[in-house]
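Listed after this line are the structures, all set down as structure tokens.
In what comes next, chain A is part of two complexes: it sits with chain B in the first one and with chain C in the second one.
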Partner chain A sequence: MTATTMPATVSGLNHWAGLDEFEAFIDDGGMVEPGDAMPEVYRQEVFRFIEFHANSELMGGLTERDWIPKAPGLRLKQIFLAKTQDEIGHAHLLYMVAADMGVKGRTEMLEDLFSGRSRFHNVFHYQAVTWADQIAIAYLVDAAAFASQRAVFAQCSYGPYKRVLKRIVAEEGFHMRHGEEMLLRMAEGTPVQHQMFQEALNRWWWPAVQLFGPDSAPDDPLLRWKIKSERNEDLRDAYIQKYVPLLQGYRFQIPDDGVHFNEEAGKWVVSEIDWEPLKATMRQGGPDSKRRITNAANNWADTAWVRSAFNLEGAGAP
Partner chain B sequence: MAEMTDGAALSGKPAGLSPAATEYILAFADDEHMVGARHTTWIGLGPFLEEDLAFCSIAQDELGHAIALYTVVAESEGAAGEAGVDQLALLRAPDAYRSSWLAEWPCNDWAQAVVRHWLYDTAEALRWDAVAASTVPQLAAIVPGAQREEQFHTRHAAQFMAQVCTTAAAQIGTAIQELLPVAHTVWLPPVDEAAALAEGVATRSFAEMEQDWQALVEADLSKWGLPAALLRGQSASEQRQTDRTVRSPGFTPFHQDLVEVFSIDPAAVW
Partner chain C sequence: MRVYEVFLKRAGKEEFRHAGALEAPDDQMALTYAREAYARRSEGAQMWLVQRANIVAADPADLATNQTKSHRHNDGSVIAARRKQKRAEAKAGGGND
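Let's look at the complex of A and B:
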């Protein structure tokens, strides 16, 4: 950090004269902490991003839970239970980090989620309809989430978020490896298993690709403030370059008539992405949005007496 | 995948374990499996995130106990590994299971789930103590690890119940009444318990342990300000488990869920 961008310190907390000084601090690799007098625009944007991440971890757990009772084996049931527990644990950590930003408490965030007022990742608006979908989530979605979260962890300027991401990224990496092992069983299994995964791939390929979002805006503040370290389109392209040949190598067909290898560019190219399905999920209009949110909301209401007994209801439950 | 086995197949004497020992261990394994599987259905739906994580860990522990117990039986039958465990855990016909209705009960309401957790784990701790000096060395070897985990389960159940009994006594009282018809089924003895005790598989009978359990749960209720008599008396339910060969009303669809994926392709390794 240079002398010109050193923030003034009051009682051990940082504050900045203006946004320019704050951004110079970020550019020099500075780390923002919850007690710092961060610019309000940074607080709101980073909070919104972390809340979205927390919501997605929780709703991801709810997406995966449906097939845990049907896991084909006791050890597999333990493994998928542990994996889903990780996702719920990530939500727990992230809600605490978000609550510490002083924008909303945890209870308010959860109630906004269960009333459809806040958002979560597009992929968790879809239903796992077979066991192969559970594996598609583990293989395709966890890999996309891992790539996305690792890119946030890389330079993350908000200290508490970076610290919990260290654990989250490590666990997601483990989930990704688990997904690869599960995929191998389907790819090298019986014709029935191979066909099951092909059908799951047909359902999950595009939502997984869309998870990275449309191209980043040229002036995306989350890139400028080093919450994100890579542009959406770059992460998406790296994912396509890795997973198209891998899936084809396992004799699966990418559900895209236009997918091809461009010799001149030396890379895989997919058809133009239809973003309407992703936009629909952001309006809570995905294929399984209503059931997912309604079930979660009903359960939240049914268990209110427990939170009340623990004096958590309405208390902000940090 | 092996074929489903019927109840009669279990009566054949496995190498290394007597039929009575097999029945004794399967009764414990099936209870652990069923309660773990039922706890599993709460993941993501716990009343608050910390409790969600805790209850999920308990579910994983119970499933781990079930795996360890099934392994003792499977290895005695020469069927080692995950396939041997899954054959016993998932692929028996319903009448071949030996679980109690308390363990099998759906408990789709959180008050019931936590009351079952308290009742079952209080019983489970006594059952582990009873096999700590088992003459089946593979069974005795499981006990120290299980007891360590069970300490956390019983402590968790007690702390949770103490809190909710103080402030939500009505919900807990109702749940206890709802579970009364099945609460004592955890103490239905394994088939041929007398022979298992004579062999030294366990050192205490289910009848003896049930007396201790009754005293423990009544003491808990008194401590938490609820009437100890809540858990006394006979069930008024017409449907009642009379022995461990009888399955609860909701068992069949639950079991169909357990084997749904297995049933898709018997040749597959999942």
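Let's look at the complex of A and C:
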């Protein structure tokens, strides 16, 4: 028997003769593990996707954190503390999975995020104006993110990502229930509360719908390699079918003059989507991008002394 | 930084299971991170952390040789066939008794 000390991972070491053989393996339901000699295109694309997810969890966690002191009442403060910890925890798990792909280290990913060199979800480029905005994020935005994560978990050919997604999806499940409970309170609250949520909905509806992205390219490699299990437009449509009637049921108005139920198609239809706002966020040019990135970068700088105490990379100037 | 692999075991009969990995500067910080990242909601009653550098991993090719040793199993098909035949004979002969 030959033995080696672990280079990067516990399992794996598959080889494929070429991309065709690799894709046949994926088609048969094969799982790719970090030690496998995966094609470089797969490594790069999947890494980028997981890094984007990790960045989004971290930026989302920082958004939740901002509202801990402002959450009305002790129970909601506790919920927001727990949710913040969950989101930051998800970022930890995902950064580790991404780092094990051997493209960038954890510190490098964090520094790229804080210097605006890498991307994160469009919804964390907008300002949360009132508590109702935070509820819109906790329910509508999280529901959109949850739907897209579940669709990744459903198949997911990359083993370590699928395993951490199992935990992440389970935790997002009860975040959703917290979110819907908060929405219910606003919907059935005073007219002022109802109006407050309506205004938040006006700000968050389109960013939430845009979170799914424009229609998937016909040859999207992430679909081909079973990282995504559903096309962007299908996920977006399912979201619209669920949330338009749900919000109307709570007597809220969808901020879209064109929204209607098409009897013939038997489904809800929204106006044509303007993708410019989404593209702007991907260039860090969203309404609140600069403040959010600066804020996160300042946190990183302010905690340099901790890393320096442990003599870690990324300690930077004191 | 050191990389640790995290293993969790629930109370009861279940075995330790691999939960994931983390990076930490030392054992003490690794335990804190692991508790907060992997065991926030009673996912485990016990936890092991193993430094990845200390794991001795087998070459999968050495394990593969053990996947074709049919003489190490017996699926019972020969005996099952005989029982089936006996039942059929009993049923066929049952009418004349």
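What we mean here is this: the second predicted complex is superposed on the first by the 301 of 318 C-alpha atoms of A that agree within 3 Å, B and C clash if a C-alpha of one lies under 4 Å from a C-alpha of the other, contacts with A are read in each partner's own complex, and residues count from 1 in each chain.
What we mean here is this: contacts are C-beta pairs under 8 Å (C-beta built on N, C-alpha and C of every residue); 3 or more make two chains touch, one makes a residue touch a chain.
If you're wondering where the values come from, they're calculated on a predicted model, not measured in any experiment.
K.L.:
Which partner does A:P69 reach: the first (chain B), the second (chain C), both, or neither?
P.N.:
Once the two structures are laid over each other on A, A:P69 reaches chain B alone.
K.L.:
Of chain B and chain C, which one touches more of chain A's residues?
P.N.:
B
K.L.:
When the two structures are overlaid on chain A, which partner does A:L58 contact: first (chain B), second (chain C), both, or neither?
P.N.:
First partner only, chain B.
K.L.:
Counting only touches as set out at the top, which of chain B and chain C does A:G18 meet: first, second, both, neither?
P.N.:
neither
K.L.:
Given the touch rule stated above, what does A:G258 touch, chain B (first), chain C (second), both, or neither?
P.N.:
Once the two structures are laid over each other on A, A:G258 reaches no partner at all.
K.L.:
Taking the superposition on A as described, I'd like to know which of chain B and chain C A:W305 touches: first, second, both or neither.
P.N.:
Only chain B is touched by A:W305; chain C is not.
K.L.:
Classify the contacts of A:D100 with the two partner chains as first (chain B alone), second (chain C alone), both, or neither.
P.N.:
It touches chain C, and chain B stays clear.
K.L.:
Determine, under the contact definition given at the top, whether A:V164 touches first (chain B), second (chain C), both, or neither.
P.N.:
Second partner only, chain C.
K.L.:
Is A:H92 touching anything from chain B or chain C once the two structures are fitted on A? First, second, both or neither.
P.N.:
both
K.L.:
Between chain B (first) and chain C (second), which does A:L81 come into contact with in this model arrangement: first, second, both, or neither?
P.N.:
The first partner, chain B, only.
K.L.:
Identify the overlap between the chain B-contacting and the chain C-contacting residues of chain A.
P.N.:
On chain A, the residues that contact chain B in one structure and chain C in the other are 85, 89, 92, 310, 312.
K.L.:
Which stretch or stretches of chain C touch chain A in the complex?
P.N.:
It is residues 1, 5, 18, 20-23, 25-26, 29, 33, 36-37, 40-41, 52-60, 62 of chain C that touch chain A.
K.L.:
Considering the complex alone, what residue numbers of chain B touch chain A?
P.N.:
Interface residues on chain B, with respect to chain A: 33, 37, 40-41, 43-53, 56-57, 59-60, 63-64, 66-67, 70, 82, 85-86, 89-90, 109-110, 163-164, 166-168, 171, 257-258, 260-262, 264-265, 267-270.
K.L.:
Please name which positions on chain A make contact with chain C in the complex.
P.N.:
Interface residues on chain A, with respect to chain C: 1-6, 8, 10, 12-13, 85-86, 89, 92-93, 96-97, 99-100, 106, 160, 163-164, 171, 310-313.
K.L.:
Over in the complex, which chain A residues touch chain B? Could you list them?
P.N.:
Touch list, chain A to chain B: 58, 61-62, 65, 68-78, 81-82, 84-85, 88-89, 91-92, 95, 131, 185, 189-190, 192-193, 196, 296, 299, 302-303, 305-310, 312, 317.
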